[in-house]
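Labels run A, B, C, D, E and F following the written order; every chain starts at residue 1.
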Amino acid sequence: MITNEVKKIAHGIKTMEIRGAGKIARAAALAMKIAAENSKAKNAEDFLAEMEKASNFIESTRPSAVSLPNALRYVMRGARKAEGGVDEIREGIVSRADEFIKSSEEAVKKIGEIGANRISDGDTVMTHCNSQSALSVIKTAFKQGKKIQVYLTEARPFYQGHISAREILKAGIPTTMFVDSAVRHLIRDVDKVVVGADSVAANGAVVNKIGTSQIALAAHEARVPFFVAAETYKFHPGTLVGRLVEIEERDPKEVADPKNFPGIKIRNPSFDVTPAEYVDLIITERGIIPPSAAYAIISDLFGWEFGEKT
Amino acid sequence: MITNEVKKIAHGIKTMEIRGAGKIARAAALAMKIAAENSKAKNAEDFLAEMEKASNFIESTRPSAVSLPNALRYVMRGARKAEGGVDEIREGIVSRADEFIKSSEEAVKKIGEIGANRISDGDTVMTHCNSQSALSVIKTAFKQGKKIQVYLTEARPFYQGHISAREILKAGIPTTMFVDSAVRHLIRDVDKVVVGADSVAANGAVVNKIGTSQIALAAHEARVPFFVAAETYKFHPGTLVGRLVEIEERDPKEVADPKNFPGIKIRNPSFDVTPAEYVDLIITERGIIPPSAAYAIISDLFGWEFGEKT
Amino acid sequence: MITNEVKKIAHGIKTMEIRGAGKIARAAALAMKIAAENSKAKNAEDFLAEMEKASNFIESTRPSAVSLPNALRYVMRGARKAEGGVDEIREGIVSRADEFIKSSEEAVKKIGEIGANRISDGDTVMTHCNSQSALSVIKTAFKQGKKIQVYLTEARPFYQGHISAREILKAGIPTTMFVDSAVRHLIRDVDKVVVGADSVAANGAVVNKIGTSQIALAAHEARVPFFVAAETYKFHPGTLVGRLVEIEERDPKEVADPKNFPGIKIRNPSFDVTPAEYVDLIITERGIIPPSAAYAIISDLFGWEFGEKT
Amino acid sequence: MITNEVKKIAHGIKTMEIRGAGKIARAAALAMKIAAENSKAKNAEDFLAEMEKASNFIESTRPSAVSLPNALRYVMRGARKAEGGVDEIREGIVSRADEFIKSSEEAVKKIGEIGANRISDGDTVMTHCNSQSALSVIKTAFKQGKKIQVYLTEARPFYQGHISAREILKAGIPTTMFVDSAVRHLIRDVDKVVVGADSVAANGAVVNKIGTSQIALAAHEARVPFFVAAETYKFHPGTLVGRLVEIEERDPKEVADPKNFPGIKIRNPSFDVTPAEYVDLIITERGIIPPSAAYAIISDLFGWEFGEKT
Amino acid sequence: MITNEVKKIAHGIKTMEIRGAGKIARAAALAMKIAAENSKAKNAEDFLAEMEKASNFIESTRPSAVSLPNALRYVMRGARKAEGGVDEIREGIVSRADEFIKSSEEAVKKIGEIGANRISDGDTVMTHCNSQSALSVIKTAFKQGKKIQVYLTEARPFYQGHISAREILKAGIPTTMFVDSAVRHLIRDVDKVVVGADSVAANGAVVNKIGTSQIALAAHEARVPFFVAAETYKFHPGTLVGRLVEIEERDPKEVADPKNFPGIKIRNPSFDVTPAEYVDLIITERGIIPPSAAYAIISDLFGWEFGEKT
Amino acid sequence: MITNEVKKIAHGIKTMEIRGAGKIARAAALAMKIAAENSKAKNAEDFLAEMEKASNFIESTRPSAVSLPNALRYVMRGARKAEGGVDEIREGIVSRADEFIKSSEEAVKKIGEIGANRISDGDTVMTHCNSQSALSVIKTAFKQGKKIQVYLTEARPFYQGHISAREILKAGIPTTMFVDSAVRHLIRDVDKVVVGADSVAANGAVVNKIGTSQIALAAHEARVPFFVAAETYKFHPGTLVGRLVEIEERDPKEVADPKNFPGIKIRNPSFDVTPAEYVDLIITERGIIPPSAAYAIISDLFGWEFGEKT
């Protein structure tokens, strides 16, 4: 039942009070759990219909957020797979919601542990921008006693590299920072690249902070392994039916003050797309996968599989 | 004879009063002309020995400048090829010096004319940093009535892209500017890339402003033609005997204030090397050449050929 | 039970009265449904044995048709997965047969809708030969109001391009036609390529009309996305156990009259194989997949999976 | 229950009395079967706990053997999937153990049959070292009447090529042998390469005898199909969570007598890693798969899938 | 002196009475010889000026023909290099003109002899369209007793392959013909590709009959050596200063009757450009060169070198 | 004049008393010098004819040796370029012969000096087989105080790596040796590869000890610079007119005793061909060149240029 509490969560997602891919996803799962627990449906059919309604209601609040439909579908699979009456189905929903929330909360930590297995003692690791998952890999490897150092772009226009620099420094890891255009020149000193992801498409392509695809290209050319650290709820289900991930262009002011450049057009694309062929591995909280398995992750976890509603 | 005037020029080069690859080269050629005109040698042998001495003297002032030995060798070839006595050899030197000075002075204009032949109506041309030769190509094409537009990087850390933006705007050419890390994302809209060069190695590799090789790589991946506009005196003779072009690292402060990043190492390499395989054409004032002909340019023009002194 | 009606269908497939991958597949599914509905078996075991027999009987009529075993196996999975007695199994078969027939009938339309998501306003789309699935993508995109144009090969030796040209013209889409050997020269003007498929192997390789692999190679070189529109029943199950897709060579007369070329051998291969690495996406009626997922499609839908009979 | 017989098997694995990937795997499955049959547990929970304990006990004997955890997990999936009481679960374990043993015993023969489908009449097939699976493919194709010949490396330092040469000769197949460094020179005469595998990673990379990756690279360059013949129990589950396959370095004496080379370091790596992009197909006893499906094999067969214990 | 005979030749070139790259070039050389022999100039300066005038006059008749300026410059180099008075310069011109005419007349035969060295016994040689130079290579190899066979495209839209087929058949060489789109499918059976050239650019790119670049791409992918047979007078001097080789589009009627395709645009590009990286060797009458030496050929033979008038 | 001394030298070359590319070349140059000094010709024409005869006589002794015609043509260019009477021409021949002998004798040392410029402090340098030129580069770099180490193949079948190992050890350079098939596995630890050459073709392809091309391929894949150290007299003039470098196959016994492998064919190719695209630089005694300049070297030094006899 779409209780007040469910509505409140939906409202929070809509107004961006609840923000960040992980938080949105967990809120949605929680809302489904609440809806299931409060349902007064008498039979399985009614109950399922009510849940579908709740799911659609929640999804409609921010249809473009990648993690939202993933959370909803993950939970609903618990309903669809359950056999029996209302109680069994409700139990399916509740346990899937709990499972999703727990797994999602621990994802960054888990990614760090799994990914750190791929960092060797003595490695120079390059990263870009400021991704908690990518930094988790680096910091976990360092904590394991591996003597590593970090190479870091400044990440224009927002200089998120400055934030990462301070965070890595705090962890005690030796760090070198440089302008974004020096990546290809310095990549020969690098052993691994680890970046985060904004979303991952069904074909394994990775959408991330502008500049990522250029680093991936340079790493590919130099035969340096390129890793993406991404929670599974960032895998983009809509790409399975051909929807493209749109690339947002942000305010030109972040790049340069337009007043100083009258007549000049300033563009500020925030993300770019790294093709799967330049990605060696994707590190998720459920294991390491090759990008060609992105399709399997989406259909296994979220049910965008053949025969189910798309 | 190493007259006072010759010494003055040599001093100017040494103290960097005379600076810029073109100016240094022309000053050296002029000094050789003066030395030849003032020689009092009585026979060909003495005269040649005197000229060699003058050449070595001038070269020793800035042995690392690429254009200096080129100018000297270009002029000396006039002496070596001439047959006959002092007068004929002197005439050889003077005429080669004049020829070099004139050709070098007109080089940027000539490169513009030749290069503009390769820009088509409707092209979007990307450039990087602030190269007079590259901009000459773009502006000449525009003056010919071709409706082109320019895509321009900001060129961190010095933002030379800002200078170029204003210069192109003044010429009336529509311009779009963006951060350096957006190159690969935007390259699909681009028809040609034209950049300058700091020096060109015997194997066709191009040393230029940091970020150039990354653009070349992205252009190569996207099958966008990549042109380098370079005066012939920038071709690096020493590379023929294995000397490497050293890449200068400049003051970290240009990238970020080290005080704000205690413990973080900041690197600021100023140039990078673009391999010949990513360069489609080099536009010189003496014609368009494939990078594989860099070797021929150096030996044809400057005499770094087999059998001559290296 | 192999009723007369089942036999009639089998005969139709054998004599090629029933032809075309889709029609053969639907006829086979229907025959299985009829056999199940008319069975007089008393227990699950007998019933299943009877169904296996019917399936083998139907498959034997045209063992080389790709879609035939797919239809049969799709239906039989309904039997194998069902638990319970004769009625439950029969129900499993009947519902899977209905499902297959419906999904297959709507496949071309569905492929058009899904594929059109990947065509952008202003695109120039190249196609080859005459594929209903590929044309469905193009026409759907056009109907959505996207201003696209089509580039079209003539498709020697049969000139199926002429048929496509008229069909596209009728739909009102601007079209340009040219000889097959002009593909690489014109590909720079093209934004996407969409072709059909005769069959798709487990490793994602695509068998299609001669010339397709050459277009894919040129598209790959020019970084133009290459899409294949293919109904799932065209995925070739036998390739999983190593069977190769044989390439038919047709009558030389289609190429040139041998009488005019006595002594000259004329070859007329009808299909070629495009390797998976040149295929960006396969558009099926069940979603868009990367070619590396062909293996998953075959085992998920048709049960050529581990543990089942191969 | 960890009976004496179970302990004896575990001891045999530990002391390397039982050796070879296949034998170890089958011994482990058998031990699980014995443990299940002898359990005295009264309820499902106790029984499962006992089985987990047995599984861990057996795995601990040789944690680095790839096939050991695969066998154990394959069997345990029978327990986990079974519903009901002790009897049902025991039955699940016993039948999975029997299934695993049978399938594993027949694997080499099955691989031969499936792989032979990909060898054509007249083929020259290159192989390396001495792999029973690879030779099974070659010999089966020859027995089918295909006129093939074998190209064979000597496989330094152990000359396992000599063993293969004699084995192939015995089968009556024409054979040519040469030094390992002649592979690239002779690859143009070769139609297919078939090698074995020590283990296969989740991303499709293949660990095999030193020299294999060099052959794969040369085959890739020359567009010669490169096949790997590998039993499914060689697929490495640990790679899913980031564990790297370690490459053993063996005694330098196998390469040259260190006494003759005082001061010279002699290295003797026994295996190398062939990246998935150079592998065209992997021939398993359960069908032919592209290397991108390695991930699916591991999760389908051995349960290293999402949600299960990793 | 521009005698009547010279005018007549110029008129013949202008009106296309004299056609074909070789004939035009030889006529121009002859005209220069006549002009030199009939000059009444009294001193070297006047004589040279007269010759320059004659050269410009002849070149103006068909400025777009590649071979015309080559012939003129080849001859004029004889004048410029000669030292002394009118007689010596005239002798220089006459001997260069004779040399050019002789070398050009024998070029096809010479190319055949040189190129045949690269055809081995047993080779299958693919060719495209109808090039006398390419066929000369093939026929010479066959006459030398090498057992070769020819693979031949039909070369739409004009079917010049039919002409070649008859010519090769007449020479007694086994020949197989097929549609243009079958090239990639059949290239695995091919050992060498030999085609002609319409012109060769300074960077080694080859302009030839539409379809050539597609064959080169397929040959490159399959690692089949790709040879171009081209007389040196086909090397395009203008490309050195950036002029592009324009690609002619011919009458659409050659492709299909526009009346049958109202509303359909039919394009008929006659040539395409094969990039140097896909060309293994260029066979000229003066030796075999790698495409990277095209630049050297042009400057060595025709004087488009540094310092000379461009 | 073909004096007895000249005959003796020719005999020595023929009977392989004089062996090794350098020694043969120097002996041939000396023989030409002797022939010139002893000539009794009265006029330039007779003298030149006599010298041509001597040259042909010497060349006929070992027509397959690459360095022989190079030496002869180098010397003869002295005759052809000289102007004047017998004395001037004789002087031309003698001075060219002396020059050739001196330059050739110092070549290995000079190559060492030039090549060492490209070795950096801390480099790991891989080499193959036993090339004096390659070892000269390595040892010179070490003598300059650069802390380098050497990675070395054993070079089956003759184990020339053992010889190199001892030689490098003697020079005090840390060395690691391994089997030939471990190259790709270990290449990631390597900074540069330096090998010798048996001959270099006009297109820059390098013929060298079997295994070289495999190393070049692995280096290319791993982006490790691959250098070839080769005296200029090893550049193969015949390749300019299409002659192929034949690859010798040596006695199978060097690989394995055929008696132990009755029925097995053992092949022992001694050399392979590394394509120019895998060679970064060729280090000659006259400077460092890109492989694309091989053509220029041959025509500049040995006169296999246009217009001269080929």
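Just so it is clear, a residue touches a chain if its C-beta (ideal position, glycine included) is under 8 Å from a C-beta of that chain, and two chains touch if they have at least 3 such contacts.
Since this is a predicted model, take the numbers as computed values, not measurements.
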Which is the least count of steps on a path of touching chains running from chain E to chain F?
1
Show me the overlap between the contact partners of chain B and those of chain F.
A, E
Taking E-F as the reference interface, identify its repeat among D-F, B-F or A-B, namely the pair sharing over half of the contact pairs by residue number.
B-F
Counting only Cα atoms for the centres, state how far chain D is from chain E in Å.
58
Give me the residue numbers in chain F that touch at least two other chains, ranges are fine.
221, 292, 296
Which pairs of chains touch one another in this structure?
A-B, A-C, A-D, A-F, B-C, B-E, B-F, C-D, C-E, D-E, D-F, E-F
So in the complex, the part of chain C that touches chain B is made up of which residues?
221-223
Chain F touches which residues of chain B in the complex?
202-204, 239-244, 276, 292, 295-296, 304-307, 310
Residue ranges of chain B in contact with chain A within the complex:
153-157, 162, 165-166, 169, 174-186, 210-211, 213-214, 217-218, 221, 247, 255-256, 260-261, 263-269, 272-273
Would you pull the chain E residues touching chain F in the complex into a rising list?
114-118, 280-281, 283, 286-290, 292-293, 296-297, 300-301
